[in-house]
Amino acid sequence: MTEQIRVTVWNEYRHEKSNAEIAALYPEGIHGAIGEGLRAHGFEHVQYATQDQPEHGLSEEVLAQTDVLLWWGHMAHGEVADEVVERVAARVLDGMGLIVLHSAHYSKIFKRLMGTSCDLKWRELGERERVWVVNPAHPIAEGLPDSFVIPQHEMYGEPFGIPEPDSLVFVSWFQGGEVFRGGCCYYRGRGKVFYFSPGHETYPVYYQSEIRQIIANGVKWAAPTEGPRIFVANRKEPLEPITTS
Amino acid sequence: MTEQIRVTVWNEYRHEKSNAEIAALYPEGIHGAIGEGLRAHGFEHVQYATQDQPEHGLSEEVLAQTDVLLWWGHMAHGEVADEVVERVAARVLDGMGLIVLHSAHYSKIFKRLMGTSCDLKWRELGERERVWVVNPAHPIAEGLPDSFVIPQHEMYGEPFGIPEPDSLVFVSWFQGGEVFRGGCCYYRGRGKVFYFSPGHETYPVYYQSEIRQIIANGVKWAAPTEGPRIFVANRKEPLEPITTS
Amino acid sequence: MTEQIRVTVWNEYRHEKSNAEIAALYPEGIHGAIGEGLRAHGFEHVQYATQDQPEHGLSEEVLAQTDVLLWWGHMAHGEVADEVVERVAARVLDGMGLIVLHSAHYSKIFKRLMGTSCDLKWRELGERERVWVVNPAHPIAEGLPDSFVIPQHEMYGEPFGIPEPDSLVFVSWFQGGEVFRGGCCYYRGRGKVFYFSPGHETYPVYYQSEIRQIIANGVKWAAPTEGPRIFVANRKEPLEPITTS
Amino acid sequence: MTEQIRVTVWNEYRHEKSNAEIAALYPEGIHGAIGEGLRAHGFEHVQYATQDQPEHGLSEEVLAQTDVLLWWGHMAHGEVADEVVERVAARVLDGMGLIVLHSAHYSKIFKRLMGTSCDLKWRELGERERVWVVNPAHPIAEGLPDSFVIPQHEMYGEPFGIPEPDSLVFVSWFQGGEVFRGGCCYYRGRGKVFYFSPGHETYPVYYQSEIRQIIANGVKWAAPTEGPRIFVANRKEPLEPITTS
């Protein structure tokens, strides 16, 4: 089944082109590192889309052939066309999985689907992060220990302006004193959304084995299932007889 | 405390002006019937706002002095200015309670805060609805029996395109064969949202005692509490010393 | 993967031996009908256990080799040994999936894992039940329409004394006026529990295609995933240096 | 309303009698310090019950006159009579609020109502704990800042063997590298349960203003509301006519 899931990794892809250190860290782009990790976990259909492509690489055709979309963005959220955001939202609500990564907490698509500010506190000192599993029964915790370390990372801290997750899978500890709900699952319409906080552009987070495991788990969890569609309709004909009593 | 909650009942107020039967049913407008019910439950600060007022009656000043906003709309959702919708959303995320009634499931403000389609199935045959309590511990179930009847109502049916409620309090049974999650609580930012499905304009629903009880309960539950604000900030100074290991 | 899941269908197996009509309906026992449905859905490792076997057929060995346990009981809940209940509970909390069917809402194992009364209202008139999907994104809704009919069934009605489900997938409508949260998912420890209400012994419910689809979906959802174990321990050695400030 | 809530603070009350340092810290017992904090927050009906009293101080009469019960226990969980545990559980399921404090995560009553192991990791080095608000909209977060410090405390760490909370209000950060879901709300039957992790017997936690604020908030939230009772019954008479189609 993993082999058959069609994954599109979307990346803003700006930092890698404008900053030499980030380019050195992610020579194939952040999307390339994420895609490499997915292939190593058995995904055979992984393609890329980036912000500066026509329609941000997310045409109707691309989305129609995507089971799970991963989204990394940071410095150019405002440049993403509203029309494309609505197109992606419609596909998620119709069943496509969406994995929202790190600074994409502030992307238009995440705020659109959450309905909240998605505000948080942050700090760039390269401090240690410890990611803790708080729901060991959830399939996204598959293959993980109690906790693992990201040696250096940007701090993201509470209160985080999100709806209460339908399942909270990970909570992060930061050396500087904060905690963060960094692994959050949501059902939205007929689709599933997983927000996962690790992945700052200046650290090799997407090469780390636990991170790759979690992203692979997330894609499997978010893959579409064929429940009934949700739509508005006038059900003029009652299913059962209506009588006045 | 009830006495002190400042309530604004917002109504589209179009049906009552264009349809003689509805005008006869709600001579003071739907908002007037809701407000009357709240006063009977001890609320002393109840004011009204309607769609055709300047800024839809929802200026910054009005919202700043509103603890809980009730919202009834149906035929003119599209005419509500986006700017006002964003203003209301910002106030809810900052703490104001919001009670979304009946056909306002399709209002801009509800869709904005839910992030989903809010689609549902509907039928206007005036069939019987039975409202069942499914979370008897919730304060919005205060004073209610297991179930009660709305003698004639519009059917609203599943699947309803909403996020899973943070608490599901009521589920409705319809004579024609459908069920509906008609009483749904959400935390959104620093605020609380309660969606309550009864209240079609052609039936005297807002005069019914159980409905008035539930709306009063909902306003009390949704009244602001003074938790910390949520905002974005660079916390440059760590709370704890950061050392390299 | 489906092929590899090791399923044990547990049945009280008393009605079928004492009532000729039920015996005629379920000549291989209720467990036999459920197992047949699972095999038709591609499960290759399906075994049975029944209450009157030694240790109720649930020895440590059997449980150790069970990925998902289905539980049907009704007239003899009180005769299930507490020791076996604790054994099953421990296995669920350690990762085994549990599917609790119909009248097993009152089984010792379900009450043990829920912590609530699991009370409900009931009526045996063979009325019509309509099962509605309320979370189309959930994998247990796979392959289902908006709703389907059980032509004749026992009524189960709210308020149902369960914890709020971690996901509510199905809500039933009954001809006599009630609704019921009949498809409820729970995480418990490292394991998953799915309560599914259809399946009264006097109707051919477990031969119905939608029911078989849902049970197959439920088993797949509840199959163990390898998250971290949960146990008590004194973590004398801190992960990070502890300094007095 | 606060004035009218009848609170019973239950304490094991053993450490204070056997350890001079703890006795010096809590000369009126842990229950005395908690009760003092409640009175300072306007509660006028605060009484005490302790483990070594007849029936552990929790007769039917005492429970019948208790709106919210607080529970602190640690070294003698096993000595609490099962009969009393069942009595308390029945009262909670019928509407009484329950506040479970610190090491009472392992009390019989909490495990009984949760259905899980309630296992956790712990360490007694007197490290710093930071309590973060993660749901600012919840009434239990009333009056609190983003976070506050407990200067020295026992570490409690994840994974914590509890059901996913119906609302997660607080998450703690520990100096030694752990996080903990230390403020968890549950609906159970007709009652409400709040688990709050701070309060080790060797530190003056229950004299701290934020802790007292949270406990007062918790009692108000958990106070009974008069929803319908939950009980089993044969509803022989259908509410709606049952016809064969």
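So that you can tell them apart, the chains are marked A, B, C and D in the order they are listed, and the count of residues begins at 1 in each.
Just so it is clear, contacts are C-beta pairs under 8 Å (C-beta built on N, C-alpha and C of every residue); 3 or more make two chains touch, one makes a residue touch a chain.
Quick caveat: nothing in here was measured; it's all calculated off a predicted structure.
Looking at chain A and chain D, the chains that touch each of them are B, C. Using CA-based centroids throughout, the chain positioned farthest away from chain B is C.
In this assembly, the C-alpha centroid of chain C lies 30 Å from the C-alpha centroid of chain D. Multi-chain contact residues, meaning those touching two or more other chains, occur in chain A at positions 121, 128, 130, 133, 135-136, 146-147, 157, 159-160, 164, 166-167, 175, 177-178, 187-189, 228, 230, 239-240, 243, 245.
The touching residues of chain B, counted against chain C in their complex, run 130, 132-136, 146-147, 157-160, 164, 167-168, 171-174, 177-179, 181, 241, 243, 245. Interface residues of chain B, counted against chain A in their complex, comprise 89, 93, 112-117, 119-123, 125, 127-128, 155, 157, 159-161, 163-164, 166, 175-178, 186-189, 228, 230-236, 238-240, 242-243, 245. For chain A in complex with chain C, the touching residues are 1, 95, 128, 130, 133, 135-139, 141-147, 166-167, 175, 187-192, 225-230, 239-240.
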